[in-house]
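All chains are identified by letter, namely A, B, C, D and E, in their written order; residue positions are counted from 1 within each chain.
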Amino acid sequence: MFKKLIEESTGRSPWLFHINAGSCNGCDIELVSVLTPRYDAERLGFKLAGSPRHADIVVVTGPVTKQSLPRVLRTISQVPEPRCIVTMGSCPQSGNVFRGSYSVAGPLSKYVPVDVDVAGCAPKPEAVIDGLALAAKILKEKRGRMK
Amino acid sequence: MDFPFIKEAISQLFSKSSCAMYPAVPSEAAPGYRGRIVYHPELCIACGMCERVCSGNAISRSVEHLEDGRDKITLTFNLGSCTFCATCADFCTKHAIEFTGDYHMVATKEEDLLVRGSFIKAAPKKKAPAAAKPENCSAQVQTEASGVKPREDGKPVNDQSRCVYCTLCAKKCPAEALTVDRTAKTWTLDEDKCVSCGTCAQVCPKNCIIMG
Amino acid sequence: MILLNYIAAFFLIALGMYTIVTKYNLVKTVIGLSIADYGVNLLLISIGFNPGGTAPIFTWSELDYNSFFVDPVPQALTLTSIVIGACVTAMSLALVIKLEEQYGTIDTRKIRRLRG
Amino acid sequence: MTVILEALRYLGYVLVFPGFLFCFLAGMLLCGIDRKLVAKMQKRVGPPILQPFYDFFKLCGKETIVPAAAERISFMLAPLLGLAALVVIQLFIPVFSFTAFYGMADIIVILYLLLIPAISIIMGGAASGSPYAGVGLSREMVTIISCELPLVLVLLAVAKTVGSAMGTGLCFSLSDIAEYQEINGSLITRISMLPAAAAMLLVIPGETGSHPFDTAEAETEICEGLLAEYSGAALGVFKLSHAVKMLTLSSLFAALFLGGLGTGILVLDALLLFLLCAGITAVSISLVHAVTARLKIEQIFKFYWTVVSLPALLSLVLAWYGL
Amino acid sequence: MNLLGNVLSYQHFPIYAIMVLFMGSFLIAAFGENRRVRNILALLSITASLIFSLLLINPVILRGEIIGYWMGARSIAGGYAIGIALEVDALSLFFALLAACAIFVSGVYSIQYMSRDDNEKEYYTLYLLLCGGVMGMVLSGDLFNMFIMVEILTFAAVALTAFRNTARGAVEAAFKYLVVGCMGSTFILVGTAMLYAQTHTLNLAQLAQLVPGNMNTATKAAFALLFVGFGTKAFIVPFHPLAADAHGAAPASVSVIISGVLTKSGIYGIIRITYFLFQSMGLGTMQFLLVFIGSVSMFVCVTMALAQHDFKRLLAFHSISQIGYVLTAVGLCTALGLSAGLYHAINHTLFKGLLFLAAGAVLHETGTTDLNKLGGLARKMPHTTVLFLIGALSISGVPPFNGFASKWLIYQATYQKAVESGNIGFLLVTVIALITSVLTLASFVKVSHSVFFGQLPPELEKVKEVSWGMRFAMGIFALLCIVTGLFPNLVTTYLTEPAAAAAFSVQRYIEAMGFDGSAAVEILAGSFRYAGVWEPVSWLLVLCIALLAVTIAALAGRYDNVSLCRTAAGDSKYQLFYGGEEQSFSQLGGDDMFWGFKHNWRGYFSFMHRLHSGIVNDYALWAVADLALVMLFSLIVL
């Protein structure tokens, strides 16, 4: 029963950690706007955590530049299990307009398994909420699979 | 040290929240919002313009040669690479690309973010061998015959019967010598400005500009 | 007569303190300590002084209530104090030598690594 | 037999009523109410009231990572110690006429006992070795120093008021303060105590480390400061401690200023205490949270040593002259 | 048989307790070439001294006797004391016990701590001389003897401060201490001389009989001289910079004696002159003097400590801050206050000893005490860390350790004094004491972060735990810290209250030596009741139950199922979060840690920094100015 409780809670209280991997800030602003009174993601239990150790969901924005790649990977590895990786915007999924640049190492999925992609440039807050809700669901499943 | 907004805070305690209750209450994107791409393969002529103008390299075209000699042309729009600038839709003369207000572009697999469409196009007319059908041949000749002759001064000339008025030549013309009106379907060359560089002929997707 | 002793004693003590406070030379500081010490010695010996008293050296049978002698206790105190004064001087001069070795100066204004 | 029953009764106090179960439920609910109210005041919908429970249980199910640079035992023991110390404080705070452990600690002791959770969180943060925790502990300590002066003044004012009324000069015992209020009505009805109560209301968010005095755990500047390296269940226990601390401080406020409202029936009293705590939390934590932006650490110090201390001092002076 | 019984009579124990130390010192100087002989001699003499002091508990504290002991059987002739006397009442014995305990533990610690130094023979000679001086001073019944002992201990302390003369600032500290300490001794000697000139006696009991009825300008000036002289020994403001220099530079085992015992002997001297010799504590103004100096010491030194970045120097400033507590409580002149002050004196000796020993352990293993160069030692020296934390929590007054028990009494004492006297100033003292306590906590948070927690600098990777002997010595102090914290009633009943009662029964003190004490000014100690309640044992029991419950619940919830770094270093999952950067060493500066606090008081801090200039002339000037002020004060009010 306790396990069930934990599993249920995991889906209801996903905390985010946001990594900017060279983003133009468009997605970052949209992510913040998700937490504003207009969209208020807190009513679904989302919260922006300050440290990767607290986070359940890692939101990566930006095309993962060569400079940021080791930092992104290190930070992601520091997130405790179960964790979920969400790429936000087109950049981390493909590189978008920066693809082929000498400084871009992306896409992110080359290095870590990505759970949810939220497309858009930048995605609308509603889309972000959709993506995060999907991530929360995946998180719950992952928790259910854990011992 | 003073605390502003106390009154507001207390009054808001008893007023309705200003939240958009999104997942419960669906919300429409604002008019003009460019969301998920819808591709109409039946309108497409596979001119490739969209592919060229796409800054995010989101559009790819694949050609599958069918057994009956025709080609199955598939255009793939990767939403995960798209910047939603709508240049492709702008350039599409056939209006085969459409940006909708649908913003639910969330996927767990990369596959889900691909918009695909394919159509079957007759195989391109190859230079007929000797035993080719005469009417076909004549048609080919006709088109070429109806085409304009190259000018002698080296400046470009446009075969307006084939031109789609995509304006790419005008955009690329370094001397700004070309004016293309899409609605009036005119193609005019300012001969004074033209430098005979041949850029327009190079970029023309329909290869209907001929340099002298 | 004895008042002059007291005045001199306190003057010496004050002079010693003045030297310690105002002189920036370590050796002068040591001299100041010594001067103050001499002042104290003078004070002590003056306290024990009885005008006309004899030296306080008696055998047990000589001592009666009529014998008049200077107070022996301050003399003992003074002896002790002189010894201590000598120790102070010796020790502080030893420290001055060490300080000069380490800091290369005997100016108190430059010997201030420990501050704040 | 009676000894065993007595022991069981006290064990019940520790585990159930003013102790763990009550602290857990009431603290978490208070935390939920606080979050909901802040959201309401900011025109948001806010999380469900039960959100803190979700957070806690989720954290219980997460992996707990101990960094290689951390001192493992202190790192893992610190949250438990902080929680236990807080629950013990709760045992000493009277619920109107009922005190679980009578005659063991007075308000000066409680002032110091309140330091133990703070020390444990500082110890845990320091043991993690993170430089963010280093900055956090420095800020946490300055916040404690800031809150100490007004809190001391408030407690001394209360001690003087009750003491001079009871004829003993001064009275540090919480049970005596509760008893005095049973007879003479709540202290907040006295004019001299009003500034002290106001000061105490402003001390509560500082002591609990709520917004805008949460510089020590500023998530955007120093990555949650002291908690930067905590994850999983250990973090959950710290979150629980934070919730219990809200309960402890607001019930301390209730015990100091709002005594004498009890009905004498324990269940009703507990409910009433919870409601009072919710009200105190709403005013002192949620309202202040909703209308302010996070202060800088030197502003916190200045704020507490001037704006908050002055009313407390005024109250003390008034109490001194017997008003 | 009779002779043996006579020799073993407890009447002789005080002189034995002093003499074994001096004998040990001389024997080591003579025969101490061999390391083993030296250690055995030192251990024997400190153990014997401790045993003799402990054996005196029964007659003096439990049975309430006052031992008056005439050296060489010369007692009173013609109504005047001509012999040298020892007089042991509960107050003297209290301080002697304190000294004996600290000397014993510190001696045990020295054996391994000093093993890396050369000149160990000289060290033990001086060490035992210092201890003997302290013992002699607190047990003496003769003002001039007190002066001699003060000189001996000052000398030994100066020599020991400069013992590691290659260490940074050691000789400098010794010289400053020598100059100002000798000025203080001179003041004491002049004061003694002036009192002798007025009363023709040096015996404390007889002075107590004669001085209060014989107040004139000379005795008033003598009071000021003696007060300032003993103030120098107690390092109260304005002599605190010397404490910082001397404690910081001396070897840790000596710092324990200087800070834990030598300062106490200064406090003892102040109590003797104010309560006994001049019997002036009944005066509100005299109480004001002590409480004022105590509060200023308390607050100034704790703020100075916040600005330090050297472990031992910081501890030294705290030492004076705690002495401020003791002096404040003593100055209240109530039974509760004196008892609280003496209780704090015990506690200060214990926890400050523990802290200095821990600092010494750190210095011994790492070779530095600079907070900015240390860090993360908890994983290398776990036992030292636990012992240090006990000391740090004790000094910060965190329950249930002993610092809290005595501070709790001090708050009550000051507040009750405020209520009883109707003087709102004492209330301010309560508030200052409480704030000082939390500032103390702050600076020990700083130390524990900078030294034991935080990050381990790469150059300290090879540090090991200190040897068992040093841990044992620290363990004794830690155990005593916990015991005195958990059983405050025992301590107050069996140690501090008899000592406090002795301070209030001047008549008995005088009469014990055979003088007429009927004229003694009796200060009514008054009865007291605690305004609050504090039951450390029950509290600890409840805390343990609560902790047990939490732990069981946590273990049931698989709290211990943590993910540890099992592989070699380099797994990024177990690195610290540095904003994504690779883990590297970045320690927080120790001296500027509480920026938010210091920023608001930057004027005060920079003023203080300029004031503590490190120039010996300035400190001498402070001493003279202090003397002038106190003399003016005493001429006016006495």
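Please note the rule applied: a contact is a pair of C-beta atoms (placed from the backbone, for glycine too) under 8 Å apart; a residue touches a chain by one contact, two chains touch by 3 or more.
Small disclaimer: the values here were computed from a predicted structure and weren't measured.
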Q: Go through the assembly and pull out the chains touching chain A as well as chain D.
A: B, E
Q: Could you name all chains that are in contact with chain A and with chain B at the same time?
A: D
Q. What chain pair has the highest count of contacting C-beta pairs?
A. D-E
Q: Can you figure out the chain closest to the middle, judged by Cα centres?
A: D
Q. Farthest from chain C in C-alpha centre terms, which chain would that be?
A. B
Q: Can you check how far apart chain B and chain D are, centre to centre, with Cα atoms defining each centre and the answer in Å?
A: 64
**Q.** Inter-centroid spacing, chain E versus chain B (mean Cα positions, whole Å)
**A.** 87
**Q.** Distance between the centres, which are taken as Cα means, of chain E and chain C, whole angstrom
**A.** 30
Q | CA centroid of chain D to CA centroid of chain E, Å | A | 35
**Q.** Sequence positions of chain B contacting 2 or more other chains
**A.** 17-19
(Q) Please output the residue numbers of chain A that touch at least 2 other chains, ranges allowed. (A) 37, 40, 43-44, 51, 53, 78, 80
Q: Any chance you could list the residues of chain E touching two or more other chains?
A: 557, 563, 571, 573, 575, 577, 579
Q | Inter-chain touch pairs (all) | A | A-B, A-D, A-E, B-D, C-E, D-E
Q. Once bound in the complex, which stretches of chain E touch chain A?
A. 557, 563, 571-573, 575, 577, 579-582
Q: State the interface residues of chain A toward chain E in the complex, per the touch definition above.
A: 2, 19, 51-53, 68, 70-75, 77-78, 80
Q: Show which residues of chain A lie in contact with chain D when the two form their complex.
A: 3, 5-10, 12-13, 37, 40, 42-45, 48-51, 53-54, 56, 78, 80-82, 143, 146
Q) chain D touches which residues of chain E in the complex? A) 376, 378-379, 385, 389, 393, 396-399, 404, 408, 411-412, 415-416, 419-420, 424, 427, 430-431, 434-435, 438-439, 441-442, 445-446, 448-449, 453-456, 529, 531-535, 538-539, 542-543, 545-547, 549-551, 553-554, 557-565, 569, 571, 573-579, 583, 586-588, 593-597, 599-600
Q.
Can you tell me which positions in chain E touch chain C when the two form their complex?
A. 144, 148, 151, 155, 158-159, 162, 165, 168-169, 171-176, 178-179, 182-183, 185-186, 189-190, 192-193, 196-197, 200, 202, 241, 244-245, 248-249, 307, 313, 609, 612-617, 620-621, 624
